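My structure is below; once you've seen it, I'll send some questions.
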Amino acid sequence: MSTTDTTPRARTTSAFDEELIPRYTMVERVNHWFGAITYTYCLITGLAFWTPYLYWMAAIVGGGPTARFWHPWFGIFFTVSQFLMFLHWSGDMEVDNDDRVWADNIQAYIENEDDKLPPVGRFNWGQKLYFWGMVGSTILLLLSGFMLWYVEAVPWSIHILRYVAILVHASVALITIGLFLIHVYMSTILEEGSFGSMIHGSVTRAWAWTFHRKWYYKVTGRARPTE
Amino acid sequence: MSQASTEIVRISGHAGTVPGAGLNREYQVCKLVDTTTCIGCKACEVACLEWNGYTFSETKFDNSYQTMPETAWNYWNLIKFNEHERDDGTMMLLMRKDQCMHCEDPGCLAACPADAAIVQYANGIVDFQEAHCIGCGYCITGCPFNIPKFSPTARKVFKCTLCNDRVSVGLEPACIKACPTGCLHFGTKSEMKELAETRADQLRSQSGFPDAGVYDPVGVSGTHVIYVLHDAKNPELYGGLPRDPHIPLSVRLWKGPLKWLGNLAMLGGLVGLALHYMRIGPKKEEPIPPEDRKPS
Amino acid sequence: MQASRREFFKVAAVGGVAATIFGFDLKPAYAQLKELKIARATETRSTCPYCAVGCGVLIYTIGDKAKNVTPQVVHVEGDPDHPTNRGTLCPKGSSLEQDMLNPRRLTKPQVRRPGGTDWQDISWDDALNEIAHWTKKTRDETFIEKDANDRLANRCEGISFIGGCTDTNEFNYLVVKTMRSLGLVYLENQARV
Amino acid sequence: MTNGWIDIKNTDMMLIMGGNPAENHPCGFKWAMEAKRNRNAKLISVDPRFTRTSSTADLFLQIRAGTDIAFLGGLIRYAIENNRIAKEYLVNYTNASFIVKEGFKLPEDGLYSGFDSATSKYDLSTWNYEGVGGSGEQGGAAGATGHAPEPVPGKVGGAAPPPHLPPNVAYDLTLEHPRCVFQLMKQQYSRYTPETVERITGIPKDQYLKAVDMFTSVRKDGDMKKVATIIYAVGWTQHTFGTQIIRTAAMIQLLLGNVGRAGGGVNALRGHSNIQGATDMAGLFDSMPGYLKAPIPADTDLATFLKRTTPTSSKPSPWGSWNYYANTPAFFVSLMKAMYGDAATKENQFAFDYLPKVDRDYSWTHIWDDMYNGKVKGMMAFGMNGVMIGPDTNKNINALKKADWLVVGEIYQDETSEFWRAPGITTDEQKTINTTVYRLPCAGFAEKDGSMTNSARWVTWKYAAVPPPGQARLDQDIIADIFLRVRDLYKKDGGKFPDPILNLNWAYADSAHPSLSQVAMELNGKALADLTDPVTKQVIKAGQQLPGFAWLKDDGTTMCGNWIYSGCWTEAGAQIQRRGTEDPSGMGVFPNWSWSWPANRRVLYNRASCNPEGKPWDPTRKQVWWNEAAGKWAGNDVPDFKPDSHPKDHMGPFIMNPEGVGRLFAPIGVLADGPFPEHYEPIESPTKNLLHPQQSNNPLVKKFKTPYDKFGDPEEYSIVCTTYRLTEQYHYWTKNNPMNVQLIPEPFVEIPVELANEKGIRGTDMIHVISARGTYTAKAFVTRRLKPMMIDGKKVYQIGLPIHQGYRGIIEDEGKDARTPANLLTPAVSDPNAHTPESKGFLVKIEKA
């Protein structure tokens, strides 16, 4: 892939390229969708509570009281899925030196000039950022959410915590929304093949080679030629 | 249309003053609680309970005459008892009726996300509409007086309505009616303010309370429940009446800048992503170069 | 509790006339007032049975006192016309509704027999007959016609009547009439203690 | 109350002592607050505890329970010493100038003259005024409040004839005569110095002086315009010298000229809705309706009885005395006509023999003692929870075990009907208790009509709102039914002296269900023959309702169930149902609201609100006044006076006293234990009487002899305990009411912080309060509202406990408390005058449970 050639190269797919290699186990996928659904539920209901202009969203999920009733529970379900994700993926989420270089050149990634970037492992720096962002946010949302859920359990003498909770919950939720939007955008529209991977659990060799080359080498057992 | 909204201020083709100007009624209602004549009899508590149909919740003796530590979802009106020794060694039993203050600038309403769950009437009553309440509890956070309380059975939040069902037909609130000593008064805000100031003045000049005063906190733009206190400089003595209540800063930030910033960010994010797709487009997988097809 | 919950959530728009009295601008879609629970209740004037201030109370009952209706108490509050309490009530007076609607009320005559360890139900007729027999028996056994100095005494020292604090004047007078005529001298009242 | 609830708003000064109206009469207390708000009136609260009344007071003093006479006696001394007295009032309206017989001795040693230690009785002959003109001691009796002398049974001829008041009394208007009442009073209270008061009451001298100065300031510089009131309740009554405490208050009010005046008076706050009516109707052994005296065996016929009980006036000869009780024969005969109708004839002395004759004390504590001793075999208790009310609950329970039968008419399950399963009585023991107990469901207040009389003597009709629940029946129907069945038995089988039963007037339209309006009309009275007023020529036809008690006759031509209620239901209709809300004078008279006895007067003795010339002491608070043009008394209130008595006739304003004036000195045993109040210690007291250690207690108090009548040694039981009600609860009634139980969920004991620290007790810890008679168990309420006191140099603690909880009730039935009635602790000793037991001020010790 030329660094100057902006015209997409004609695909020379081969059967080899289209061979599938497993990327997510069944458990990982189910959990991911469990997380996705619970998050989306929290997102819809949360947005309904966030602004009157989106209060109609509560109607979609059964009306305000219902939405309010399930929102914290779905938050907990989401937390459970986050915890499982943590168990599944935290090992692959460590940021290494390649990632730092990658991060420094993120502009190239945004502009689809991926070959200016160092090859990445199972997850790139952006995904790791998303992962850790979500893990951290979940912890904060959980803590602040409990304080909102059982607000009267926070003694009046330290009711400043109630105030902190309300800001934290909203602010962190906004952060997750930002992360979530990018995540959804990239995995459904931007990066062809990603969405399928979370459905079927596998990717093509080409996909793996293109986007997660180090991982490709690792799972196919090929050493990187330059090494 | 109600009288409140049909008050005439200008008339076309009319010479002279507006008839009725200066005579128009003031509609802002107000409860006056004169703690210096409160005898802590709890008639207001029972009257509230009876009128509103809440009957029994279990209480425990807690080394005080006070019925329970705080108001409850089904106990909107609570007298707080505090033993206090003055500097000269004389004993005081400070008793203050705690209930919704019906703030002019209500923190509960500011914090509430549910459409029409909290309304403020022209007469100043801040009313929870349980039919619209979603039970989120944000009002609990928004209230600087710790008044709204969540009912786990109803899954909604309740508080004093200032008996709007009674007030709307020209009756006084149940607590006011019951009060045996006249420590509770009900009328327009300006009348109550005047009565309160007169009483505070009497306490200063006649009863040896130089710090007597009226509690009508400006932080929430005034309240529709005002207190006369023996010691207006130390409202905390009266069961933790806040010295300077206001809508919490965090609620203001949350409902103000944060909300607009957040909305902007979300909208901006969506637009940005769309533009990104249009300008840069999808990432596609590429064929694997031959060198990487070979097994190592 | 059930009833009161229902009551609480039952909302009804209040007519425009009533609503304007204190300046409500009701937009029913947004704000609905609880209906006034005594709007069509019947008002009966009574006197609080507790302390000797004698506060006037208004007892609100459902039903218009028509023949086929047994009234039911829904609310009690002070009588604003009464010069002493002017509509106010203390915590005891304010809870009078519960004194009337109290599941702990006694509703049938009972007797505890000698050596008994529990109550037994008894009909009014049997109970009053037995009491009348006891009264006559004890009176006849203990009646003193003449005292030790041979002066007329005409008293019965075997029976005592103790009267309560909330009985009406008329009841008290009937007690004095009947009990004095039975010769009772151990006739005492809450007034003493 | 001499005055009324609303009238309190007219006062300038309130001494609230022995009562806690903010808690026990909140709706009446509003008028005290009105006085504070509108008149800048001052409120002094004197109580063993800092109560919710104290929280509104300008001055609070913590007093040792039972030392009120010392406090008030010191107040009398202070007022006299500082000339804060109403001289003109004192001279003209009280017996201050009356000269007392030679030989009368003040109780410097604790005893008045005439004490016989063998019988523990006083010879009353020296307790009298000096007569002028020899044969002075004819006729005349003690007067309105007197107590029947008790002949000694078994002694032929009974006791010596009671002394009588002289018709012409020697007097000295300069009040200088050494034996005049004023000088004796001054001498009596000269011993009550602030220092002595401090040692007895525990009130520091400086605080005490502040209080008495504040109270007497209404008479500063001879001013007569201001008015002070004294307000009390059973905190005064429930002592072995309770009546004398109240008398001391009355003396102060006479001394300061506060009686009869708007915003003044001596105001008893009665504790129950119709205690006043029950007293008026004489549901008490020693009186007949309208405060007529009960006959005694010495009253061998009607004439003897009437002579004994009808006072004759006794006064300085130039003065007048209406002596209204001179009409006793008319009142009594009309009562007998009401009771026995046609069976009461002139020939049979209006059935005088039908009435039981009392020869001794049959009062409350005696009932239980005599029941314990097997004398009283049956009891009917209607709305009266005798076990709880005590005193000495244990004794009452054990007395009931010995009774043959008990009838309880109640609306809730009460402790009295369930005495046989009181805590501690096992099932096996229950099987040995042979009392038959009937428990009859009665009607609640809202289910009955009828009238009740409040503390201000207002007789107000109420209407039934709902029918009684289940099989419950109206109380009057039950009493009627029992009576009619007994009458049938006597008709059928005969028996001992059936005449009064067979002849009782029971002419109610529905005899089994007497209509209370008919009974109320009987109370008012009606003419039995055509009557004509000799002056106005007004005619009342036979059968017509009487307009008032002035029409009552002693010849059997009128009948009236209670003379003081005459006027309550006239030909003009039921006055007690009136609802006029107008108050023309603005002084809270409300003359057209219901009706008050006597004769719709709202402030008693209101003639005394004017100076001797008939002009109001304070022109801004005009109650009544002499209208020279009309030649009669006029007023905003009904004058409590002879309407046409010209001021220059000098008729005394206290028309119910034979003297016509107020009694600073109570002569001839009107009060059994002394003409002047003297400080005695409660029967159980932490200290000897500092005035006369050899005579600590009231010498007339009797102790019973059962094993339950035990008394504590102050060495062991060193804490002074008092009992009280809480505003949230009503006696033993609202403990069945969830809302009130919510307000006060559990019994507790209020103890001072210092005592708690000493004993290692923290708030809400369970503790035992132990007296010589019983143990009460509840949670500790550790408070700074009770402080340790220094009594004669010794540190004394006071504690207090509410009386409400027992062994039946919401929390009791759920087993959430120790089920110990407060009156397990109290002693069965009582006041020799009013026979009220001493529940306020007894000794206990406390222990952590």
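Order as written gives the chain letters A, B, C and D; numbering starts at 1 within each chain.
Keep this in mind: contacts are C-beta pairs under 8 Å (C-beta built on N, C-alpha and C of every residue); 3 or more make two chains touch, one makes a residue touch a chain.
Keep in mind the model is a prediction, meaning the values are calculated, not measured.
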| item | value |
| --- | --- |
| Chain closest to the middle [Cα centroid of all protein chains] | C |
| Leading chain pair when contacts are tallied as C-beta pairs | C-D |
| Chain whose Cα centroid lies at the greatest distance from that of subunit D | A |
| Chain centre separation in whole Å, for subunit B relative to subunit A (CA means) | 41 |
| Interchain centroid distance [CA atoms averaged], subunit A/subunit D, Å | 85 |
| Chain centre separation (subunit A, subunit C; CA means) in Å | 71 |
| Where subunit C touches two or more other chains at once, by residue number | 78, 85, 88-91, 93-95, 98 |
| Residues of subunit D whose C-beta touches two or more other chains | 26-27, 30, 727-728, 738-740, 743 |
| Per-residue multi-chain contacts in subunit B, two or more chains | 41-43, 45-46, 49-50, 55-56, 180, 182 |
| Pairwise chain contacts, counting only pairs that touch as defined | A-B, B-C, B-D, C-D |
| Residues of subunit B defined as touching subunit D within the complex | 36-37, 39-43, 45-46, 49-50, 55-65, 67, 83, 85, 90-95, 180-183, 199, 202, 206-208 |
| Partner subunit D, residues of subunit C touching it in the complex | 44-56, 59, 61, 70-73, 78, 81-86, 88-96, 98-100, 102, 104-117, 119, 122, 124, 127-136, 138-143, 145, 147-149, 151-178, 180-193 |
| Subunit B residues touching subunit C - in the complex, by the definition given at the top | 1-5, 25, 27, 29, 41-43, 45-47, 49-56, 116, 119, 121-123, 127, 129-131, 154, 161, 164-171, 174, 177-180, 182 |
| Residues of subunit B that touch subunit A when the two form their complex | 70, 111, 113-115, 132-138, 140-141, 146, 149-150, 155-156, 240, 248-251, 253-254, 258-259, 262-263, 265-266, 269-270, 273, 276-277, 280-288, 291-296 |
| Contact set on subunit D toward subunit B in their complex | 22-23, 26-27, 29-30, 33-34, 36-37, 40, 50, 52-56, 58, 60, 726-728, 738-746, 748, 763-764, 779-785 |
